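First the structure, which I've put down as structure tokens, then a few questions once you've had a look.
By letter and in written order, the chains are A, B, C and D; residue numbering begins at 1 in each of them.
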Amino acid sequence: MTVRAAVAGASGYAGGELLRLLLSHPEVEIGALTGNSNAGQPLGALQPHLLPLAGRVLRPTTADVLAGHDVVFLALPHGQSAAVAEQLGDDVLVVDMGADFRLASAADWEAFYGSPHAGTWPYGLPELPGARTALEGSRRVAVPGCYPTAVSLALFPAYAAQLAEPEAVITAATGTSGAGKALKPHLLGSEVMGSMSPYGVGGGHRHTPEMIQNLSAVAGEPVTVSFTPTLAPMARGILATCSARAKPGTTAAEVRAAYEKALADEEFVHLLPEGQWPATASVYGSNAVQIQVAYDEAAGRIIAISAIDNLTKGTAGGAVQSMNIALGFAESTGLSTIGVAP
Amino acid sequence: MTVRAAVAGASGYAGGELLRLLLSHPEVEIGALTGNSNAGQPLGALQPHLLPLAGRVLRPTTADVLAGHDVVFLALPHGQSAAVAEQLGDDVLVVDMGADFRLASAADWEAFYGSPHAGTWPYGLPELPGARTALEGSRRVAVPGCYPTAVSLALFPAYAAQLAEPEAVITAATGTSGAGKALKPHLLGSEVMGSMSPYGVGGGHRHTPEMIQNLSAVAGEPVTVSFTPTLAPMARGILATCSARAKPGTTAAEVRAAYEKALADEEFVHLLPEGQWPATASVYGSNAVQIQVAYDEAAGRIIAISAIDNLTKGTAGGAVQSMNIALGFAESTGLSTIGVAP
Amino acid sequence: MTVRAAVAGASGYAGGELLRLLLSHPEVEIGALTGNSNAGQPLGALQPHLLPLAGRVLRPTTADVLAGHDVVFLALPHGQSAAVAEQLGDDVLVVDMGADFRLASAADWEAFYGSPHAGTWPYGLPELPGARTALEGSRRVAVPGCYPTAVSLALFPAYAAQLAEPEAVITAATGTSGAGKALKPHLLGSEVMGSMSPYGVGGGHRHTPEMIQNLSAVAGEPVTVSFTPTLAPMARGILATCSARAKPGTTAAEVRAAYEKALADEEFVHLLPEGQWPATASVYGSNAVQIQVAYDEAAGRIIAISAIDNLTKGTAGGAVQSMNIALGFAESTGLSTIGVAP
Amino acid sequence: MTVRAAVAGASGYAGGELLRLLLSHPEVEIGALTGNSNAGQPLGALQPHLLPLAGRVLRPTTADVLAGHDVVFLALPHGQSAAVAEQLGDDVLVVDMGADFRLASAADWEAFYGSPHAGTWPYGLPELPGARTALEGSRRVAVPGCYPTAVSLALFPAYAAQLAEPEAVITAATGTSGAGKALKPHLLGSEVMGSMSPYGVGGGHRHTPEMIQNLSAVAGEPVTVSFTPTLAPMARGILATCSARAKPGTTAAEVRAAYEKALADEEFVHLLPEGQWPATASVYGSNAVQIQVAYDEAAGRIIAISAIDNLTKGTAGGAVQSMNIALGFAESTGLSTIGVAP
């Protein structure tokens, strides 16, 4: 069975990565591609790396254009997905790569995004307890944020095993594509090359409530999250350094065992052998997640570190993985665990 | 039909890239992997991006280990391939990713490599006139150098159409993976990041006679080549800026037409629309080649520029493409024209 | 004697680099700083690396604001300098870091810049024959372009010694700061990191007539220039690879001797020992120029390569060097030949 | 008064940066330069960016060679400084840029370095309470580690004001020069460009006890430190993200006030205006430190972030600053707070 997929927001980084993956997906035929400011332009001028689609012309993002597809991927600025989704039938699989349907709490949504809450859709991080089942057969999917993907996968085994205190401290470094194609001075190559800098420090980053939602659900108690994102001089990748104080009596062996147990059956999430550490280069362009965990006895903390490609597993790869589950394809169809390195 | 392939030199950059490609090749089963200094180590410790092969252990590079495969890829230091190849049957396809069998002239070989000439095998750049036919059914293939691949594809259309004087001037920038995994001070990250520098200036680079051989054959007259390689602060990619004085009476339209004609039927070599220029990022991790050409009337020169991934089309992708031809698979089997960008 | 200097265009990369140098210049007191879109903002928000000036507020670029200084540096978009300069007295030293007064030929100016020619000022590349004398005591200085600086210094010794044919072929790689702080998609970090790409190919780059002017003057005959600029994944630096066919009978020894003679007395231009090659990292943040030359006998060409920091010797350092000469300070006052490396 | 300085270990990154600074120090004359494996080579071949010293030849690191100088800087592998220092008179200022004399606790030294403890010298981080006085007139100085410099400056104001609980959680990203010029595969440009990766996770990094020593002294109680270092794709710079739970009742205003008070009189440490965040590019090549602090009320944590140049303030600049204090020069002599950016 082949499905026809439309991509709204095909000129951005998320849309481009999605098309890169869909081009090698054996069950997907690429349908309408839309953009707004770029409507009318050939994709070859905007995404020159997608050679097989170079001649495709972007159309405006309207319900008419998106109608008549089996799957519609939305890579739109937050706040715009609901209006489009409403006009698509309930039988159409709508995969929202934006933030609109990720949060269950309307209060959190309004506090961090400042607009009315659109609702909550099944959450596209199948590795979290219960998430995979909720995605099966669903016709609506909310793709997680890139940071929450990296952070939730790194910490959920510790919380699921009740080994960690409910106060997570996280620092993550992202490649600049995480900030999108926006024309902002601090994203110019001259500014980012050779520089590391933080942003959204002190609890203000919009991905924070999403992390709290995921970790609290797994822990069965409210987890606080101190999250500091930093911008790194690379185009792709997230390295998330996550830690929490270990509950009294925890041993290093228990920590290792908890991670082995939680990740044993996941084909995309790889717990590295002891002594080996994640590197974003190793998962470049792939849907793989590298994880390693340590127990610092002197500090009494569990340190879990994950590496993902923010555009692949962190966005477009996660979207394809969830589509596969929703439509009943093998979960890894069209996805790879092989990084492009060096 | 599935073939079993062995890879000698699996711990290096060329070997790693080859394995990345073979893992997605539907007709290839990966057999023995060998290294010398690394024999006995798991591949996961040496090539952490190749997750599906993480548990594979490297074996020593011996004829016994390499025997019993349909295809043997050699990614060895120059001078070592002949001894190995001799011990493999004539029915085994041997693909040499090193330099040993590229040059027809023993004198050139000895002048540039300082060792006895091993011989000449069919040349694995199918896009050159006559090359594809010579590869069909062959059981020996000499994979071109990365620079000669980029340069020959950029200039052969001008020489094939007799539009260029036989004096080529070439400057190429390569990513550091082109220098391999050698532990040399000038290849340290601290040295290369933020720096451009030349090397092998003045005619000494070993790829120079290979370029001369290819361009002279197409031109039907001896072509001199002034080649300056430079090291760029990136891991992958070659951007080759190639020029030659135009023969009297040449027009811009003739130049464009010559390139359109020469490249029309090539699925991996893409002549960009006028006004668009190659970028190495656009072919990152792919077997695609981006080419653009301009005619500078004031200077009377044709300038042809190509972008490739030095590890893919420049080495491992070219090897797979030639294997496909030699074994009668569709030429693009297991290869992609889609770059990983941004 | 201390002079008071105003800087018009203090929020850009050229203006920022100029201020970095003036802050360590013992004879200069920094006066008015102007910007247009940024007027009213503190410099600390725009140039956070210039800590001693963090509290300075940008003022609008008007004659009133610039009046009353001994020196006025103009770092403005081309076409804007003449109007400002006219309103400043003949006793004020005006150093134009833009292109407006570089070209002697009004026809060239109009062909490449498409606006009326503003005139010609003494050219701020003191190392060129005759240039230093013209700068002494002058109250108007045209700072050269960054590419013409790198290229003219690399090739003038060969032309001054009549060793090179009048057809120069040049490829140069520049750091992204050479393109300024303009908010253009191709200058985003995500686009430039890991990528090399050309632009302005085929003779269209505006620095081409400036190179022709400089080299022809030294050669005593018209020199054609084929110039291809490329964008490299680094913030600063230009590596210029320049070549020309050697005149009949030229020997390697003559070439070396010509460069030693031409550069012997220059404190900023350093001819490297044979066997050592320039690297942009070695001149990072300094006013030094590294040069090496080779004679490729097989190709019959002289290859001269230079490395500069495009913002320092290529722009702001060259401006300070010329100011020093014009005002009678020691030429190297406030300038360094020490790069920031690694 | 001018002093004569010798540098042991002049071929490495720390030694090179020290020479870069000493070359512009008005009170220092550069004497003997030593290396071991590199003895006999000209500095120009090893540190091509130090043009004024290109002709200097490295000598072996012996007491004879180092004798007869007023100041001797030691940039040697740990464990080697004591033997050299013993042979230098008590009237000679010995500045150890290695780790040997940083730790007061012999037990910590032996646990982390596995060799006998050499002793404890006055600690070269003048901004810490009491440190400046201890350095005045001293003839022995232990230069801090690069990470402890960044971390101690970011957190000491919070501990000095008794606002933070004694459990610090720190993630820091360093440029690759922090790992020195060692020829290790993971430091190759091809490996580090485009990649972020952690190392020494779980409490094993040798700089951890130094951080504990500094923070505990300021806090007046034992502080635990969970420290995770990461390698970033840049040559220079450290961005340290440091946090601790705030003591009950702490307010954002108190936190800000504590930092303003603690850093008010420091010429190198700059607390940024609220809303602006540190960037390593802003302190590139300078002795400046950028600091910003936030109070995350929801998570109940103080987050303090610092940016330094690991080779300047983190090593060689810190060494010069301490030398200035020890010898009675103005503390900022020969040092700059101006970064080289972009």
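As a working rule, a contact is a pair of C-beta atoms (placed from the backbone, for glycine too) under 8 Å apart; a residue touches a chain by one contact, two chains touch by 3 or more.
Remember, predicted model here, so these are calculated numbers, not experimental data.
Chains making contact with chain C as well as with chain D: A, B.
Farthest chain from chain D (centres taken as the mean of C-alpha atoms): B. Of the two chain pairs examined here, B-C and A-B, the one linked by more C-beta pairs in contact is B-C. The mean-CA centres of chain B and chain D are about 45 angstrom from one another, to the nearest whole unit.
The distance from the centre of chain A to the centre of chain B, with each centre set as the mean of the Cα atoms, comes to 35 Å. For chain C, the set of residues touching two or more other chains reads 13, 175, 177, 188, 190-191, 193-194, 233-236, 279, 281-282, 284, 342.
Chain D meets chain C in the complex at residues 13, 16, 20, 23-24, 44-45, 47-52, 54, 177, 193-194, 235-236, 270, 272-273, 276, 279, 281-286, 288, 290, 336-342. Contact residues of chain A toward chain D in the complex are 167, 169, 171, 173, 175, 188, 190-191, 193-199, 201-203, 224-226, 228, 230, 232-237, 239, 241, 243, 245, 277-282, 284, 292, 294-301, 303, 305, 307, 342. Per the touch definition, chain A reaches chain C in the complex via residues 13, 175-177, 179, 181, 183-185, 187-194, 233-235.
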